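So, here's a batch of structures to check.
One chain, chain A, appears in both complexes that follow, with chain B as partner in the first and chain C in the second.
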Partner chain A sequence: MMEEILVTIPFGDMVHYLSEYTIVLFAFAAIFVILAVISLPEKPVDIAFGTDGYTLKETPANLMKFQRFMAIACGIATMGAVMTGDIFNFTLFAAFIGVLNIGIVAAVKNKHVLSAAFSYGLVVMMGTVPLFSGAAIIVATTGTLSIWELAVSGGVPVIAKLLLLIGVLGEGMAPFYIGKAEITRASGAPYILMIHVSSLLLFLRLVEILLTV
Partner chain B sequence: MMEFIAEMDLVYKIGISVAFIAILISFAAMIREKDDIHKLIIVDLIELTGLVVVALIATDLAEALILPGLVVGIAEMMAVSELWLAKEGLQRLPTPQRADIEVLHTAPKIIGALLIAYGIFLTGFTGGLIAGLGLALFFLGKNTNEQFLASETASGYAWALWVMGFLIFFLFPSQWFFALMLAAVGIMIKVMAKIALVGTMRGDES
Partner chain C sequence: MIEFILFLIFAVFFGLLLHGIHRKVIARIQKRPGPPIWQEILHTLKFSFKQTWIPKTASQVMYVAIVLIAIGIWTSALYVLWTGGSLLLIFAFYMLHKIMEHGTGLSSGSPYTKFGAIRSVMSAAAELPLLVTVAVVYIFTGTLSISGIAAWEWANVPLIGIALPAAISLYLIILSKAHYGPFSVIEAKELVSGYWTEHFGGWRALLNIALALKTFVLISVFIVVFLGALPWWLFLIVMVLVMISISFICATTPMLTPYNTVLIQTIWTVFVCVYGVIMWMVLSCL
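On to the complex of A and B.
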């Protein structure tokens, strides 16, 4: 019965792309998801200048929960982006990582962090245009989005590859903006790490895609 | 078939040139704009130009690709605009204002009941819309804070009905009529709950 159901409902475009490279990236993302699940937020230390005194900034529980959720979701989206064998799914995951990166810092009540995140949000939204355009041009010229098939047939126009690259540059730009959150010592340290991880893995996977197709 | 593709190709080329001109214009607008809220509006425009390129595929696949693209775009739009509100400290909601018209104290019960009955008779999306309007009118007239939990729960069950109908379509295609009815009733209740919320939650603290 179960087999019959699985045969009747094919998983459509949920094509995975397993290679030694993507498995390593997947495992890397998975490790950081687990770290985000089990770790507690750090307490930033403020030193009273000229004395031995110091204070610990507590992270409010609701902020911590929100950031943790966003970090875990971002890790899962990263895992999807490095594993998928469908270019459009890759672009969707990339855009999704962009939104979740905003989410990780959005709850911090600090005007500098918020305006940095706002600027990054604009870049993310602009980045979806070249991303989706690249995927659309690929499907319009070759007739498929599957990386497996594109690896055999080739024929992806250079302009589409360039557009994908520009799009991922936009989505993966987070560390440049989020640096502000770290410089101003905004709370939520272990979760902000996920921003760097997702950006790094996104670039690594994109390089693999561009070399394969 | 071949000449059809060749013809498509020319149309595609023209379309993609127009789309890229639109993209260039919208990005130029983005560079020139300095005000945050205007940037936000222009960035929404920019996203639409991306969807135009996707739409140029012009097959069923285009629709399947536009929908997730649109959803991601709207999610980003909502996240960034919430961020803007937080950044500018504008998250205070306006005080609720309710219509206090005498005829609304009595008439909505009858008209609302009629609309709900007619909506249930219609089923489906249209039925949900009409029944929802009836509910909205009823709540508007009662001039009170209702418990929205009930309609939200109903909405959840309706969604489950809809999914069940969907699964039955695939697993037991012979039972298509039952599945159709499940889906129709489900979507009716779902749309009704949504419309009722739209009608009553304006300016509410909840």
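On to the complex of A and C.
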């Protein structure tokens, strides 16, 4: 008996955007996803202040598994963000990266790290407003969100570009990372490194989009 | 391909020689004899044959992979330069270098390297002027292809004459990545060698090679983009002169605190962003 197709999910808007530039970014993200899969976390050395002593931190297995899952998902979202040819998909991937970045940080059971995760969460939430507003203004003024079409027709308002930039800075969180509670109090490589990989690649892709449209 | 491999080998040795000249000039300004200019080449050869292992505290795969990534990033950047490819790609490779610094620092487990890695993220403000440089170059020349920019300069005028703030931005980028510079907080002495303290022996030799390629690529891009294509012998002389000018700054300027590093880079970023916007508006009106 022939099986019937119950539902069709329209993935027609998942336009790929292949260029030398995006392929380099994609390859870089893919390398770090593979590294997140096969690497074990570092064991940070903590110096006991006032003494010659030091301690070695081990990452618990359950924490490692959760952070690894989040880091891999974040890497895959980054690969999507750098390859997509659709601004709406780009903003979706950017928001996804923001949430996953918080997940990587919030997994650590330490009050300083959790406090940092809370702050990052606020920034990411606020970042979604300009991010999607930018995309909305683009579609309202040009009638399309396809980077291919916008590269030809142009006409994207400067304010929309600025909003996208602010949104990506919020989602990527890189400029807000000065505190670095999660680095000094938790294992850095390879999972927390993925936060920086994703935010930098997201920013680099945005630069290309802003120069193209 | 064989030509590129030969060029790669030349770039490694010349980049290491530039680092040696850098150390020598700093030493002479500070009235020290300093090492011979080929010392960095000798260092790299020496490290290549020293005992090498991976620290027990490291994220072992990442610790090794990040060194290979560093080599890969700058070999690719050199290839882009060789083929006269996109300036935007060079910008991307430079940004990926930041991930390399960060990953090198985070992968070893040492608090010294970790603080070097944190400072690397803090100094991200240094990258924004580079973006403005790319934008300003595009506004003037209408292309981001390095060969296209060189051709435009051949037909018109060297960009350094009409886009000086953009040239200063790229120069600051080179300065910020130079050893012993005022902005070199990521490898400050209070952190031993900063982000690459724990990479020794063969790993250090490979990182030396990557950093030599980085210096070669960044100075070459600076010359091609702002002075234009020069005969090879003049090109090498100008490279040495640019390196010596950087050495003068490094020798006479104390290393800034991380706070001041970020502050100065941010102030310059704001200035150059305003300059970029003004240039865009002026050239749009013409």
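Assume the second predicted complex is superposed on the first by the 182 of 213 C-alpha atoms of A that agree within 3 Å, B and C clash if a C-alpha of one lies under 4 Å from a C-alpha of the other, contacts with A are read in each partner's own complex, and residues count from 1 in each chain.
Note that a residue touches a chain if its C-beta (ideal position, glycine included) is under 8 Å from a C-beta of that chain, and two chains touch if they have at least 3 such contacts.
Just so it is clear, the structure is predicted and the values come from calculations on it, not from any experiment.
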| item | value |
| --- | --- |
| Clash or fit (per the criteria above) of chain B with chain C on chain A | fit |
| Partner chain in contact with A:Phe90 - chain B first, chain C second, else both or neither | neither |
| Which of chain B and chain C A:Tyr17 touches, first, second, both or neither | neither |
| First, second, both or neither for A:Phe26, with chain B first and chain C second | neither |
| Which superposed partner A:Leu56 touches (first chain B, second chain C, both, neither) | second |
| Contacts of A:Val197 with chain B and chain C, given as first, second, both or neither | second |
| Partner chain(s) touched by A:Val45 [first = chain B, second = chain C, both, neither] | second |
| Spatial angle chain C-chain A-chain B, Cα centroids [nearest 10 degrees] | 170 |
| Partner chain(s) touched by A:Val207 [first = chain B, second = chain C, both, neither] | second |
| Where chain B and chain C come nearest after superposition, their Cα distance in Å | 23 |
| Residues of chain B defined as touching chain A within the complex | 12, 16, 19, 23, 27, 30, 36, 39-40, 43-44, 46-47, 49-51, 53-54, 56-57, 61-62, 65, 68-69, 72-73, 75-77, 79-80, 82-84, 86-87, 170-171 |
| Residues of chain C that touch chain A when the two form their complex | 56-63, 65, 69, 76, 85-86, 88-89, 91-93, 95-96, 98-99, 102-103, 105-111, 114, 117-118, 121-122, 124, 131, 134-135, 138, 144 |
| Chain A residues touching chain B - in the complex, by the definition given at the top | 5, 8-9, 88, 92, 95-96, 98-99, 102-103, 106, 109, 111, 114-115, 117-118, 121-122, 124-126, 128-133, 135-137, 139-140 |
| For the chain A and chain C complex, residues of the former touching the latter | 20-21, 24-25, 28, 31, 35, 38-47, 56, 174-175, 177-178, 180, 183-184, 187-190, 192-193, 196-197, 200, 203-204, 207-208, 211 |
